[in-house]
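Once you scroll down, you'll see the structures, which are given as structure tokens.
Presented sequentially are two complexes of subunit A, the first with subunit B as partner and the second with subunit C.
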Partner chain A sequence: MADLSFNTVRTPDLDGFSTLHHADGLTTIRLADPADRLAIWCEDAARNDVATALGLALPDTLNSGTDTDNGCVLRVGPEEYLAIRRPARNDWHLLEQQDFGDKIVSLTDVSHRNIAFILDGPNAAWLIASGCPQDVRDPAFPVGKASRTLFGKAEIILWRTGHHRWVIEIWRSFAPYLADHLTAALNDPAIRRISD
Partner chain B sequence: MLLIHCPVCGEDRPETEFTYAGEAHIARPSNPDTLSDADWAQFLFYRTNPRGIHAERWRHTHGCGRFFNALRDSVSDKFIQTYPAGTPRPATAKPENAQ
Partner chain C sequence: MSDFRIPGRGMVDPGQPCTLVFDGKRYDGLAGDSVASALLANGVHLVGRSYKYHRPRGILSAGSEEPNALIAQDRGDGRFDPNSRATMQELYDGLECQSQNRFPSLAHDIGAINDLAAPLFSAGFYYKTFMWPKSAWRKLYEPVIRRMAGLGKAPDAPDPDHYSTRYHHCDVLIAGGGVAGLASALAAADSGADVVLCDEHAVWGGSLCGNQTDIIDGLSAQDWIAGTIADLQSRANVLLLPRTTCYAYYAQNYLGLCERLSDHVRHPDTTTPRQRLWQIRARRVILATGALERPLVFPGNDRPGVMLASAARICLDRYGVLVGRKIVIFAAEDSAYGTALELASVGAKVTIVDLRPETAIAPDPLHACRKADIPVLAGHVMTGTKGRLRITQASICAHQDGVFGPERHLACDAMLMAGGWTPTLHLYSQSRGKVVWDPERKIFIPGPPVQDEQSVGAARGTLGLQDTLAESFAAGLASGRAAIGGRKGRKRVIIATETAERGTGFLGAVPLPHAKIHARAFVDFQHDVTSKDIKLAVREGFHSIEHVKRYTTTGMATDQGKTSNMHGLAIAAHQLGKDIPAVGLTTFRQPYTPVTFGALVGYHQDALFDPRRKTPTHDRAVALGAVFEPVGLWLRALYFPKGTETRHQAVHRECLATRQSVGLFDASTLGKIEIVGPDAATFMELLYTNPWQKLPVGRCRYGVMLREDGFVFDDGVVARLAPNRFHVTTTTGGAPRVLAHMEDYLQTEFPHLKLRLTSTTEQWATLAINGPRARDVVAKIVDDIDVSAHALPHMAARCGHVLGGIPARLFRISFTGETGFEINVPAAYGAALWDALMLAGAEFGITPYGTETMHVLRAEKGYIITGQDTDGTVTPIDAGLGWAIGKAKRDFVGKRSLARPDIIATERRKHLVGLKTLDPMIVLQEGAQIVLDPNQPIPMTMSGHVTSAYHSPVLGRSIALALVENGHNRMGETVFIPMPDTVIRAEICSTVFYDPTGERLNG
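This part shows the complex of A and B:
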């Protein structure tokens, strides 16, 4: 069997991306800290086994996320989840070999694949609306909702963790595109609006 | 923007999240060996292409990732109803532009 004891750490090429500030003085865009990420595919019958193996509860409803001190799990499809844990411990690849018997489970360490941007502040939803076609207002996108969707041409997972706080999970290779898009939105006078 | 109701997510989502996947309810022949070339071609290539209500497959590619079926009016492009894959075609409502 292949040696899985190594772990590849890659950093996105963002030309020294540092926290961006909106002209309102309140809204910021920053890179989230490195995290462990696990792509999970499991049938409903295996949910409890996976939750036990992870030590994290899986969300009951589609398009929602659980957020605990130990980590987060987003349910992006009927049988598809993304688990995120900070700080990174670089050991989730060991779960890939776990035996779940007859149950259909696939666990894949994708820690190196994704990075996350955190948008915080009253204009965060407007910045997201500049590139995401979903309705990001209440009640269509309540706090706690997480959904795979698009931002411009890049696929993202959008997660609302607070009234004015959003997380965008994106593939590492798409990150410069998203950063440029958000920077352009940040400097767009039309988006300088304070939402309530 | 065209909104499509995903029966899996239970939400109206923007069209760009979806991918069209051809006509619905086309069963693959269980034993292709017994088919004549003409019948096989019929399965592979020939579609109804109706003027009016069309049952078609869609996939919520940039969302839940699931296939589902939809009834759409090919004249007005309006979605009449979406329903889960594997369920029979619902009783057809009249097209919106029907006289």
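This part shows the complex of A and C:
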């Protein structure tokens, strides 16, 4: 009866959201496609168990992400990971039933908790610096780094997936705020410095 | 061309005339002028009235330290700025501004009567005078003083401008774009470091901007500066920020900068920001903030036409403006001699009056001046000035060792003061550095660095140009290399020569013959503090400089005493017979100069003030015409009016519909936390008062959470989904702090427990279906969950599917006292679930209801709302939740506090009780105070207050919840609620007003 292909990205306030372009024509902001997301807590001793259950490797380095065709895993805390998979298959909630015995493992389906924006282009880093206090220069924030941080008054996970490409993961109800904030920042002529 | 413009001088553009309108009068200026320089070019010195005495005041400086020349600027459409410094405001064509603090006009100001009454207005005047009668303070003294006092008018319309904020990280941040800053930037850039160089002015070069006589590296200072800027601009690793004030130095090399983007533009693009706030984290900081020239403290030193020598020099070099034709320079150090030569070279008639004996004057500049026919009167002191709205005469007399010669008078149209140079230590001091007194140069200089910074040039007391360049190059190179750990760059050696080097100058009030010591010599121009005021404060017992400052208000105006603090300190020290460092220095605080609120707010205005969180079914509520209320950051539907219904009518209908058939409520905003791990139940036992170990999988329990002090912190229903998995719900507003509270205990008190916490608030859309027909509705949309009363009793929890395959968590719980279900589906399916329930419930007249109806229905059942019926001082026993405490539990957060004597003495505590007004139609006011005896004398003993009060449609009367002293033992007693016009009587009763046996709940 229900349409299961329902676009899980949309919230009411983002219905009108289309790709934003900066005046330079080179930098764009767009909504990412729907994804499966799994919030993972896992002690080091259980990393292999979780990786096996998930079918994805967990990154070794803190604040880094692995990126494969089958999905990606961001290590955003010593024991804390966020797995993301596109296209969504809507079955990660089944992993919640997996038994890991006496180990510290917590798997929770949060596919719908987050929404993601993709920022693309040579001015993307400067755009991010309008709201995020982290150092987004090389080498402080190299490609592959992922970090839980702030954008304006909202918590985000910032993930650099390419030299000029960034992903912002944000809780669903904060997404319109982030979109508005980025739109406002696009009007700041400071974002014209094009890095190499 | 204006009278005082010198063709061929300055960095203004003669090809671009600009009109200035000041107090309604038009003046001609040029592009590149400041408002102040344009006025001076037209011979206008009188620009304002002082704060206290309303004395005529002129332009003192050429920079941001300006105390006098404050203007109000109206750029239209609500763009109104009071207290702009005319010396900093760049001129654009058609700029309109007004003087402040005068009525009816600048030349004729009735407030100047204060000046005649000056003997009355001594230091501490307000504290001494307006004390009696006490009642007059509020109604008479304060309003009148407030109207007269203050600087400028506050804008009265919303600011239509945009402001932007940027975070930035760099290797070397250099504050100050004078020669020291430029040299530092060059060397730091050589090292390969990322460099940011900022300066508050629009042009670079600081005090040497436009200077054509000092020589750097074989070029005039002006040309060297231009070449250096071109060099820096060409480098990819240098960010130049002109018009940018570094106003704050915080911890760990975190600095605040405010950039003015369009304040100098006549028709700015209104879609782009007006100002931009930079928050910069720098690996190394170089403070090249220069020095501020001090005035000299002598009688009549505040008359229009009396200004700083450096200001006159900048007017000539940068703006091509001569500040007067007949100029007297009152000097206490040598750099004024260079200025004298420059002024004379363009035709001014200059006389130098030097406080020092001739032997103390550097011979070369002295010689050069005499050779240029500039009279130098060494060993003379200024004893007074004349001229009503502009100086016309200076009075001087010779002095030596306390012996004074006869007074002489010099006609003049401008007087320059060269009192010496005070290093600009503000940012260093803000970095928590401790300044050090240098007795040789009689200045405070930066002490050891506390953060990764260093000061260069005049900011650290270096006087000569050559020394400044040398140390700046060295500092830039060292800072750049240290920041990036490299060896790139080279040592630069540059030769520089200047006409006259800066000297140490003079501190305090100048010596005066006895007949003159009662004349007013101003220390703080903006707050009208004289040397006498400071001496009086010391005599009256204020011996700390912090107390002197607050008593006299010296240094407390918008300029923060930039030109006055050192003199004030020196006068106080002299009066106390102490050394200056023994008296101390007041603290430098952020910001260095005023920052607009707009810049500080940045993007966070209007829609971006705070995130406005909306639930997944928000648009469904909008479509039904719901009225919303903010709850924390969330917007929640308050009620759903139909047609012309009032709020009361809508709530009445929603309540009855839910009690009689079925209601639909959006509960998505409730906080949700997933607690997972082998020790999840153990952790739950510790965080909640209730027992959890034996709660079966598939069951829910209402949980109460306490703080360490035993008071109720939050509550909510918790479902056990698996032996090691709990689905916790919290109040809407409590979601973040409950998660933080749990994390805190997990990480600090119970780190051995094996479980982890995940916020799932936004994963789920949650809809509550309540009412006698709720089951009929829910049964239609579930796929694989048996919702019959037998299979799904009250407080059961099931995972399954709804709507043909959507995973769901379904709880049989109720916050209304009716048969109730809460269905959680992944957020994006929330709207589909809403639509399906509305369709399925149509035959039963399903009624969406808002938070107000939810409040009424729960109050009818005596269900509390934490934060409304509790206030952080209510124990579970007080709240009637003693049943929720696991008596057999060994420990939980707050357990020990519940054994405290004051908590056990239950008859002395306030208990949550029900109240029924004797008149059933009167709804009490929430927050109203309760007394036991209405006839007791005022002030009465307050014995409690109303926490919740509503009209109950199903009961046809009002109900209320209240915290009343010993209320549990007062059932049936009458209490009194005094209101402004009446006293309401109410009877204490049970908190459960409706269906006390719970038949409906379990049906």
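The rule is simple: the second predicted complex is superposed on the first by the 183 of 196 C-alpha atoms of A that agree within 3 Å, B and C clash if a C-alpha of one lies under 4 Å from a C-alpha of the other, contacts with A are read in each partner's own complex, and residues count from 1 in each chain.
Note that contacts are C-beta pairs under 8 Å (C-beta built on N, C-alpha and C of every residue); 3 or more make two chains touch, one makes a residue touch a chain.
What you are looking at is a predicted structure, and each value in this text was computed from that prediction instead of being measured.
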With the two structures laid over each other on chain A, which partner does A:147 touch: subunit B (first), subunit C (second), both, or neither? first
Request  = Pick one for A:77: touches subunit B only (first), subunit C only (second), both, or neither.
outcome  = first
Message = Applying the document's definition of touch, where does A:122 land relative to subunit B and subunit C: first, second, both, or neither?
response = neither
Larger residue footprint on subunit A, choosing between subunit B and subunit C, goes to C
Item to check | Partner chain in contact with A:107 - subunit B first, subunit C second, else both or neither | outcome: second
Mind working out whether A:133 is in touch with subunit B, subunit C, both or neither, as first, second, both or neither?
both
On subunit A, the footprints of subunit B and subunit C overlap at residues 133-134, 140
In their shared complex, subunit B is touched by residues of subunit A numbered 62-63, 76-78, 80, 133-134, 140, 147-150, 155
Subunit A partner, complex, touching residues on subunit B are 1, 8-11, 13-14, 16-17, 62-66
The answer for subunit A against subunit C in the complex is residues 1-4, 6-13, 34, 39, 41, 79, 93, 96-97, 101-114, 129-135, 137, 140, 152-154, 171-174, 176-177, 180-181, 184-185, 187-190
Interface with subunit A, subunit C side, in the complex: residues 162, 164-169, 194, 261, 271-273, 276, 279, 281, 603-604, 607-608, 610-616, 618-619, 622, 634, 674, 676-678, 722, 725, 754-764, 803-807, 826-829, 832, 836
